[in-house]
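Each remark here refers to the structure printed beneath this line.
As written, the chain order gives the labels A, B, C and D, with residue 1 at the start of each chain.
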Amino acid sequence: MKKPNVAIAGLTACFGCQLTLLDCENELAAMADRFTFAYFPMGVTTRTIEGDFDAAFVEGAVSTPEDLEMLVHLRSRSRLLIALGTCARWGGIAGLKNNEPRLPLAETVYGGDAHHIDTFNPGPLHRFVSVDAAIVGCPPEKPDIIATLAALLAGTLPVFTAYPVCMECRERENLCLLIERNKLCLGPLIQSGCGARCPAAGMVCEGCRGPAAETNSVAQETLLREKGFTRDEIASRMRRFSWEWDHDQDH
Amino acid sequence: MTRTIELKPLTRVEGHGIVRVYLDGNRVENVELSLCESPRLFEALLVGKSYREVPEIICRICSICSTVHRLTSLAAIEQAFGIEVSPATLLHRELILNGGQIASHALHLFCLVLPDLFGVAGFTELAEVAPDELKLGLRIKGAGNLIQETIGGRTIHPVTLIPGRMGKYASPNALQLLHDTLAPLLPKAKEVCAIFAAVRPLSPPVAPLSPLALQGKNVPYLFGDILEMAGENSAAVADYRKLIREEYVSHSNAKTCTAAGKVVTVGAQARLSFTPGLSPAASVELAAHRERLASADIRGNNLAQAIELLHAIERSLDVIALLASTPSAPEEPRDFVPHQGTGTAAMEAPRGTLIHSYGFDSRGICTTADVITPTAINQAAMERDLLALGRGMDGADEAELMHQMEMLVRAYDPCISCAVHLVRQDERRGE
Amino acid sequence: MTAAEASVIPRTATIIAVSHLSADTALFSLRLEGERPHFSFVPGQFIQLSMPGGGEAPISLAAAPADDGTIELCVRRVGRITTMLHNSRSGDRVGIRGPFGNGFPLEEMTGRDILLIAGGLGMAPLRSLLHALLADRDRYGALTLMYGAREPAAILFREELVALARRTDVKLLLTVDFVREEQPAGLACNIGLLPALLAGIRFDPTSTSVAICGPPPLYGCTIGALVAAGCPEERIYLSLERRMKCGQGLCCHCAVGDLLCCTDGPVFRYGDIRNVPGAL
Amino acid sequence: MAKRFLFNALLPDFFEALHFFGELHAPVMTSDGVTAFRPALSLAEVRLDYRRTLIPPKKYLLPPRETTLDATPTEGYRLRTPADKEIILFGVHPCDLAGIDYLDRVFLSSSPDPWYARRRERFTLIGLSCEPDDFCFCGDIGDNHSAGFDIFLEQAEDGYHLLCGTDKGEAILASFKDLLHERRIPPPHKREKKLPPSCFATAREGEPLPATPMWDDFAQRCLSCGACSACCPTCYCFDVLEGGTLDGDRAERVRSWDNCLFRGHGEVAGGVNFRASRRERFQYRFRHKFHGFGPQRNTPACVGCGRCREACPVKIDLLDIVRQEGTHDSC
């Protein structure tokens, strides 16, 4: 069998998605055996992007001209472009103040030197290029990465369940923090696949996997308002990882 | 005629970096290290957010150091509001900090540095030329990650670390599993020290370190409240601004730092150059290599990391035993009312001293945020050493020069994604 | 292996031929492996096709049962599994479960005139029925096939249609929604939608059984015309598509009213589902 | 008279001895404070007075996620046989017994589901009588009290009357002779009915769905979180997913719980959705729960355990529709 050629690259990111791949301690040898990591600066010394890729995994949001250049470069060389992680799929944490202009934000940090810095509001990959598949999560779950690589070997892309975190949370028989503790849990809105990791550890879902395929954000907001949370609090939580909420009421 | 050669991107490091070497003929004129990570403006993202959200957001600054970022931010928040946490919570935090240390050091030593020792490009080839070493490294790394997963609820960006207490306390079964995973690794960690003790740099020496590390009385290793520089100029963490100055340089998105006007180095080797209270086995190793570490330039850092790895495993086992012997009755959440105030805290991240400082208003909304990361502190030293190495290798083959330069940078274990941040302007003006 | 196990474990089949019918549709001939390759079924039934590593999709059997156990599937490339199938070549192996569903009631059709109305890929199950009817041509009255495709290039089974057009005992009526190129040689083709075609033909509604398969909008517009013409509702047979996972009435994705498409269907009498909201 | 009475003081011994027959599970309180069926070593852990568990016992027979088939290039698809483990489930309330009885009818019909069947064979049910609370209404759903248990413990003041439903139950009780005493078994007491009697009439006759503005109200509020069906003892609809493995040669097929309130439930390739609106999905769920599909048609599936009402974050209760119908009919 021909080894698929893959590229793994990071844009505006914390490198957690790539690190998750390197954290697949038990599978790393099999990965090295089955794939050619033709471009993967974090793990392998390769400085040039050469040849074509069967798949490029791109981590991070796009927030600088260099990011965009890299993204377009990878897109034009890869049969499949896969968004790796919530930053790449939804914009992620770096975009949580995307409602504010960029320069004043940069000034908060870089002061008078801010104009040296070429940066725009971080956006997800699909705003700039076509994306074939996405692995979500901040950071992504190892099994999702492994399933995607395995699907590439089988000649296809993976399917992930489309329902929200609550479903998995119930399956695990966690205490519902929204109902029983009146906490601001975003589980009903968020893409499953993490096994309701946070509620299982007694913490609310902070929404790190981004919106589920189908959400009723209006109803969730109404519910949270009834529970006493302010509009600002709810908005701040919902926009931590994504701005792309579909507020349509489908019925 | 001058020309420039580039290492772009720096590979097998966390984050985006470039080394630019300016040559006149074959002579190295100047070297620039550019930490060109796209700026994520974390301090700006935090302003206006509730103190509850701060740790959850700030840990995303960096994946490898997410645990220590989160812990440091908790400590700063707790300081701002005068919250005291229970001994059980402190032990959990110490354990997960050590877990992060194990995972990070193992990743760095085995996946990023080891390929250099075998002359290969990365872990993919290591799987062929040094499968046993790679396997050992991954096993140790996995154990560190298991600690983070068990205590933190997740390996990267842990979720149970919250102000005032733990979101979840480890169950006896979980602690037992951790013990069973770590105990067999103790002898292995000694082998790791031997592997890295055997490595001698092939290129000319650069400057010896002038170390900076966190110290404190009656606190575990990696914790503290004094920023200590060898012999002189120590400062309380709260006064970090008096000691550390940052400066914007046009070729990098991270500011370079100096401490008391000097170029300093933080990290494993710097920590070990003070008199650390290491665990018994690690103390033995340290004693054996003390001289060598003291005289070495930064390329002693990998050996220092190996010794720390041993300490982290041994100490984790102790903490696990302590936790297992104290029945962890679920603690009541401590009541605290956020109020106006500032808090500053520091911890030792795998790659050096990390400082978080926040201001809050009366509702606990963040008004100022400042984060100083170890890689930002090390940036000046890295540049200095690169130049020295370049000069020392005068006339050397270009490829070899660049290879040695990349190894030198790697020895610092830089973590570029978190290095990119800067200080609030108004605070700077206030100085 | 028990019978129950046999119905849940796909049998291995080998692709023996692939012929492309249009830009996105191809006919796959498969042969089952093992000692009892014979595969008997009723036209209108379907199988669950497995692509290892991809999953399963329900696919109609597109030819009449063959003695050597060869199965023909006419598949359009629309998503994951169908793409994996289209990427396979002769000699590749796939999995087959089934047959499932009820199929067309050939007994009830005996002695009657037959009108087949196929839209697009709806040709797949109706081809199987057509083959069965032609194999026993004497048992049925007048036989008409009305087939509509989007455009001439999307007409499936062209050569077979050419042969069919030459027969005197079958009436063939073709239509396309629009024309972009030259009409294919040998095939007379109308332009327009199937209901318009239906309005133009003469048939005896009381002695005719009608079988319809096509995209969802097809049903609404043709059935109205048929009923208005006087066709009895229980003589109009519809083959419906629904999401299906198990094919055996367990997974509960395919209910049409209180009927299950996979076991009570996929062929329904119009009279049985007329009042079910959302059935058509 | 058979010896079928167990004094309270002997219950711990009875429980202890059940361990001989398999892995003993019972309702316990998890560290989160959730009542769940879990392995239980001693009676002290067991919540004898529990109301209901979060997830019903169906999880033992139809796990939330299970690998059903393995495929290799040489052998094709192979059945993955569930672990050979005998499980004794202690403390099952009548509504949950009825739930299992319903699932048995679905999965053990003419063509039994091999995975379900195998687990069911190795599953022993020890029922326990209960006190209803505000959420449950099993009295309305029919006389489910005598269905599907191997042994049933009917609580009395000073102990339990033991009923036996199967040979397996008899065999187990036979080994407990020393613990049991003679006592006349009183007739089972009837549950009070909480709903108007005509409520389930439409369900049985297969009539069209009631017209009520509640459908729209539900559709607007529902979060599509899936809690109601995950918690329902008779919801069994499942999705099937398949994926390869990193060695590139094998594949695994998994089936996992699905929910008819999810948008993708009725969607087919090309974007056609047969239940595109949440309103239609509610009606689908209602039909399945109260009218039944296929062989189960005209059999209401709801066993009155009250879980879905308790688990819904926005407090949607399908029974409201039934209730309203009842009042309509009675007017």
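Methods note: a residue touches a chain if its C-beta (ideal position, glycine included) is under 8 Å from a C-beta of that chain, and two chains touch if they have at least 3 such contacts.
All values derive from a computational prediction rather than experimental measurement.
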- In terms of mean CA position, the chain most removed from chain B is C
- Note on the structure: Chain centres from averaged Cα atoms put chain A and chain B apart, in whole Å, by 25
- Query: Roughly how far is chain A from chain D, going centre to centre by Cα mean, in whole Å?
  - Reply: 36
- Which whole number of Å gives the spacing of the CA centres of chain C and chain D? 39
- Query: How many angstrom lie between the CA centroids of chain B and chain C, rounded to a whole number?
  - Reply: 65
- Message: Residues of chain D that contact two or more other chains, please.
- Response: 239, 241, 243-244, 251
- Task: Scan chain A for residues touching two or more other chains and write them down.
- Result: 150-151, 153-154, 159, 202
- Item | Two or more partner chains touched - positions in chain B | none
- Task: Provide the full list of chain pairs in touch.
- Result: A-B, A-C, A-D, C-D
- For the complex, which residues does chain C have touching chain A? 51-55, 80, 83-84, 87
- Note on the structure: Interface with chain A, chain B side, in the complex: residues 7-16, 36-45, 47, 49-50, 53, 56-57, 60-64, 66, 103, 107, 111, 115, 121-125, 127, 131, 134-135, 138-139, 141-142, 145, 153-157, 159-160, 162, 167-168, 248, 250, 253, 406, 417-418, 421-425, 428
- In the complex formed with chain B, which residues of chain A make contact? 10-20, 22-23, 25-26, 28-29, 32-33, 36-37, 40-47, 60, 63-64, 66-67, 92-94, 96-97, 105-113, 116-117, 119, 122, 138-139, 197-198, 200-203, 206, 208, 233, 236-237, 240
- Given the complex with chain C, which residues does chain A contribute to the contact? 150-151, 153-157, 159
- Over in the complex, which chain C residues touch chain D? Could you list them? 2-5, 7-12, 33, 50, 52-56, 78-79, 82, 93, 95, 215-216, 241-243, 245-246, 248-253, 255, 257-260, 263-264, 275, 277-278
